[in-house]
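Below are two complexes that have subunit A in common, paired first with subunit B and then with subunit C.
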Partner chain A sequence: MLHISKHNLLSLLTHASSSWQVFCPSKQGSTVNFGWFEGTVDTVAIPVNSCKGAFLPQTEELFTYRGTPETGLSLTGGFDGQKPVLIFFARPCDARALTLLDRVFLEGEYADDRYRSRRARSVVVTVGCKSPLDTCFCTAFGIGPDSKAGSDVFVYEDETSLYFEPLTEGGAGFVAAHLAYLAEGGTPVSVMEELRRAELPLAGRIWVEGMAEMLDSMFDHPVWEKMSARCRGCGACTYLCPTCYCFSVFDAPRGTHGKRYRSWDSCQFSDFMLMAGGHNPRPTRKERVRQRFMHKFNYGVKRQGDYLCVGCGRCIRACSVGLHAASALFDLKEAGR
Partner chain B sequence: MKALLIPGLARIESVRDETAAGDVKTFTVQFLDEKDRFDYMPGQCAMLSVIGVGECMISITSSPTRDRMQFSVKKSGRVTSALHELEAGHTVGVRGPYGNGFAVNEWRNKRLLFIAGGIGLAPLRSAINYCLDNREDYGPIQIIYGARSPGDLCFKDEIFKNWPGFPETQVQVTVDKGDESWNGPQGFVPSFLKEIAPSPDNAVAVTCGPPIMIKFVLQALSELGFGDEQVVTTLELKMQCGVGKCGRCNIGHKYVCVDGPVFTLSQLRALPAEY
Partner chain C sequence: MNDLREQLKEAVASAFSQGRVRSFVCLERGFYPFATMPAILHSGSDADRVEIGLADAPLLAKYLLDMPKPAGIVVRSCDALGVSRLIRDRRVKREDLYIISISCPGVVDTAKIPMSMHRITALEKAGDALIVHTALGPTELPWSSVLLDRCLACVSGAASTDADVVLDDGRGKPPAPVDYSEIDEVEHMAPDERYAMWEKEFAKCIRCFACRNACPACSCRKCSLDLPEPEWLSRAVILPEQFMFHFTRAYHVAGRCVGCGECERACPVGLPLMKLNRKFTRDIETLFGVDDARIPRDVEVLGTFLPDDPEEFC
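Now for the complex of A and B:
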């Protein structure tokens, strides 16, 4: 298997960044976040955020306009091809989550041109999760520290080296373009074995089998009141979630020109569904918390064919009041049985 | 590949006041660039932009059988208020068509009952004119329409002059409260409907209006013997994309923008009552 000494990783990424937009974890202050490569990379910590922002940016310009409705208008800013995206060191949960976002943005009558353009030429390099956190529960969703769904290259990490296993044509192309940095030989058998045997204690306590069907009859269950009572409505869970994708569209005028943007939004915000005239179909936290978990565990199954959760545990680590996918799955199971 | 969220620019050709209070206007628009023009079916919608202010989903009130695209808009929020400031010759953004539209092909040879309140006639008007322009394909057409006052009635030329002139076409209009000029029926649409008591036999009932009106019209139709499959309504929720992606307008697992806005009563009964 082709491998690289960890000491040389930065030079590989620096080289890669000449032909790729590299999205990787790096240390920012006291935390590690995914972001565009700026000369540093952190391959140890699981980032606070997910890598969805590489394909669905937190804020992006849709167009620039000049003029006014009264005097006439022109729109510019068609989306042109930039360098392809390289995700360097997704985790198996992140890679799998991208395949779920793909179902929303690539399938059906209305494929999203921007998402598709970024995603089409992208390469996802995923590292096997040797040190899952106690908040990780991906195995509850059929994922695991060595899962390869959604990845183009899988990387095994031992004490000194990173071993590259190309999984797709795109992944092979990426590896071929960086042969100068890679040495031939060796198979990290013990790492592979370690990943296969890894256990996630939290996943053992989580039950998802039949959850979607059970929720069919729980829309009016009192459990939503109880669950939402402690929610602060901050929306951190939705921003960090690798499968949350809700967005809003808004104009930012500057006199006789301006821009229209698309930006992440959250179903946990009170004005998310507020209509002109004041009607709000989800007026309290109860309806908004219910929407989030029904979307993850029921609506998503009906629309996208799978739970819209990958057990990454980011909502567990972010929530200040302990209301997250795992607690919801506990509470809902308890309430529904 | 066509850009998903970018509107085409269109020129407002004319603006018509529908109501005495000036809170409903009908905009006739023409795309500046032919490549942005799109075909549509009755009941479908489009995202209408006042560039620099924002976008909102509006039903297309014109019939595809007529050559100009029209939107009738009630002034109710930020974007619709800005739209009401615009005049003929000004520019708006339009993208679409979105939504399922009415099942006008399944309505062939049936008796059609349209029940609307206020601006709720706007989406039905598209279907009514479509059916009237294909008059021989449909059975008798009965239109029951109401508004708060005579001044709040929309499309007056059509409800009083044009539509009643078609064969086997009846238009019955009520107002909640009349004035000195009004010598027609008074009362709310649901009770007016119960008085008229149309037969459910081989009929489709299509209703749109304020939520409270829809609620009682649905009850009245059930009392009159209409089955849930025979009753059709349109829904409206906040939308930002129109293409089932922004995650806003869902009722259960259905999105109003792509799975609606038209639903049969039996489809609605299968969804959670969160709208």
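Now for the complex of A and C:
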């Protein structure tokens, strides 16, 4: 298998960044976050955020407008083909989550131009998780530390080296373009074995089978009231979740010109569903928390054919009051049986 | 410790049975073995769920806003400051509250325990150590190395006296010495360097509002930053808006921040918000000669206008 010594990784990435926009984890203050490559990379920690921002940026300008009734309206800006995106070190849950976002933004009646264009030429390099966190429960969703769904290249990591296994044509192209940095030989058999055997204690407490059907009849269940009582109504859980995709479009007017933006939005915000005239169909935290988990564990299954959760545990780490996918699955099961 | 918990359960149950409260906010066992989470109780029969909160205890004051009154709350001293804040900001009335204060030896931050939570079978405080029991045997960690950041700056672990019931087992954490060295460090940076640091931090902020929503001093019914009209802050997460948000938040709590650190604890991406809050707190202490500006008082230096003020109003 082609491999690279960890010492040389930075030179590979620096080289890659001349033809790719590299999105990778790096140390930012007290946490490790995914972001655009700026000369450093952290290959050990599982970042607090997901890599969805590479394809669905938190904020992007759609266009600038300018005009008066006399001059008429002119639009400038818009999307030009940028360098292709390279995700360097997604985790198996991240890669799988991208396939779920694809169903939302690429399939069905409306495909999103920008998402499609960023995603079309992207290469997702995924590293197997040798040290899953206390908060990881991807195996509850049929994923695991060595799952390859959604990845173009899979990487096995041992003490000194990273072994590259190309899985798709795009992945093979990426590897071929960096042969100068890679050496041939060796198969990390023991790492492969270790990944296969990895156990996630949290997944043992989670039950997913049949959850969607069970929730069909739980819309009015009192459990939502109980679960949501502690929610602080922030957007931490949804913003950091790799499968949450809600956004809103708004203008920032400045006299005779302005910009139109698209930004992430969160169903946990009180004004998410607020309508002109003041009506709010989800007036309290109960409705909002219910929406979040119904979307993940019921509506998603109906609309996108799968749970919209990959068990990455990011919401567990994000929520300051312990209201997350794992606690919800646990409480819902208790309530529904 | 257990003793205190038994007394607390009893006190909560009797608050309900005496008709003193319609709801009660306290801590209960969380999803992870030793973490605790907020619980809002509606009947005395739920009092069994009450936990003291040895580890990962969120602060509760802010929940009072939405609870049916009269409302009960269990507070340790940092949370008591938050409750006092809400009362002085006229967001809740003291007579609508039933406060049980408890003494507090400090709260463990499980993120600071260097072993898997799933392997831990018990946590125990023994003197100045935390004993972490696992199947492989116990490990001893210095108590101060595993505490939440807020406890390292604790006003006092003794139970607050402005309460309807005071439960103090005498094991409260002694007040932490005031230490502004972290603020000194920032103040001594060259302006460009300091600007670059904050720019980097603010760029990380995902504007989830967890900090605001957790804060007992951020208690406006409708936050100006949420208003669609006029739109003070757009949803665009771009640098000028990040500065707008962070300055608004920090200035709005200046003079009212109780230093509880819940904003920083709630931040999912680790912004050092206490560096801003504590800078203001210290400035108020030095500029106005206030002793410990975290403690809410009847005359607030930034909330009072004196007709004979030597300075112009604006």
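Observations on the model:
In this section, the second predicted complex is superposed on the first by the 333 of 337 C-alpha atoms of A that agree within 3 Å, B and C clash if a C-alpha of one lies under 4 Å from a C-alpha of the other, contacts with A are read in each partner's own complex, and residues count from 1 in each chain.
The working rule: a residue touches a chain if its C-beta (ideal position, glycine included) is under 8 Å from a C-beta of that chain, and two chains touch if they have at least 3 such contacts.
Given the structure is predicted, the values throughout are model-derived calculations rather than measurements.
Aligning the two structures on subunit A places subunit B and subunit C side by side, free of any clash. Once chain A of one complex is fitted onto chain A of the other, the partner contacts of A:Phe250 extend to both subunit B and subunit C.
When the two structures are aligned on the shared chain, A:Asp265 is found in touch with subunit B and with subunit C.
Touch criterion met: A:Arg230 reaches subunit C, while subunit B stays clear of it.
In the superposition on chain A, contact is made by A:Arg317 with subunit C only, not with subunit B.
In the superposition on chain A, A:Pro281 makes contact with subunit B only, not with subunit C.
In the superposed model, A:Ser30 lies in contact with subunit C only, and not with subunit B. In the superposed model, A:Pro201 makes contact with subunit C only, not with subunit B.
Here the smallest spacing between CA atoms of subunit B and those of subunit C, following superposition, is 8 Å.
Overlap of the subunit B and subunit C interfaces on subunit A comprises residues 248, 250, 265, 274. Residue ranges on subunit B touching subunit A, taken from their complex, read 1-7, 9, 50-56, 76-80, 86, 90-93, 211, 236-238, 240-241, 243-250, 252-253, 258, 272, 274-275.
Taken together, the subunit A residues at the contact with subunit B in this complex read 62-63, 65, 67-70, 72-73, 75, 78-79, 104-105, 108-114, 116, 219-220, 245-251, 253, 258, 260, 262, 265, 267, 272-277, 279, 281-282, 287, 291, 294-295, 298-299, 302-303. In the complex of the two chains, the subunit C residues touching subunit A come out as 30-32, 35, 37-40, 56, 58, 62-63, 116-118, 200-201, 204, 206-210, 212-214, 226, 228, 234-238, 262, 265-266, 268-272. Those residues of subunit A lying in contact with subunit C across their complex are 28-31, 33, 48-49, 58-59, 134, 201-202, 229-230, 232-236, 239-240, 248, 250, 252, 261, 263-266, 269-271, 274, 317-324, 326-327, 330.
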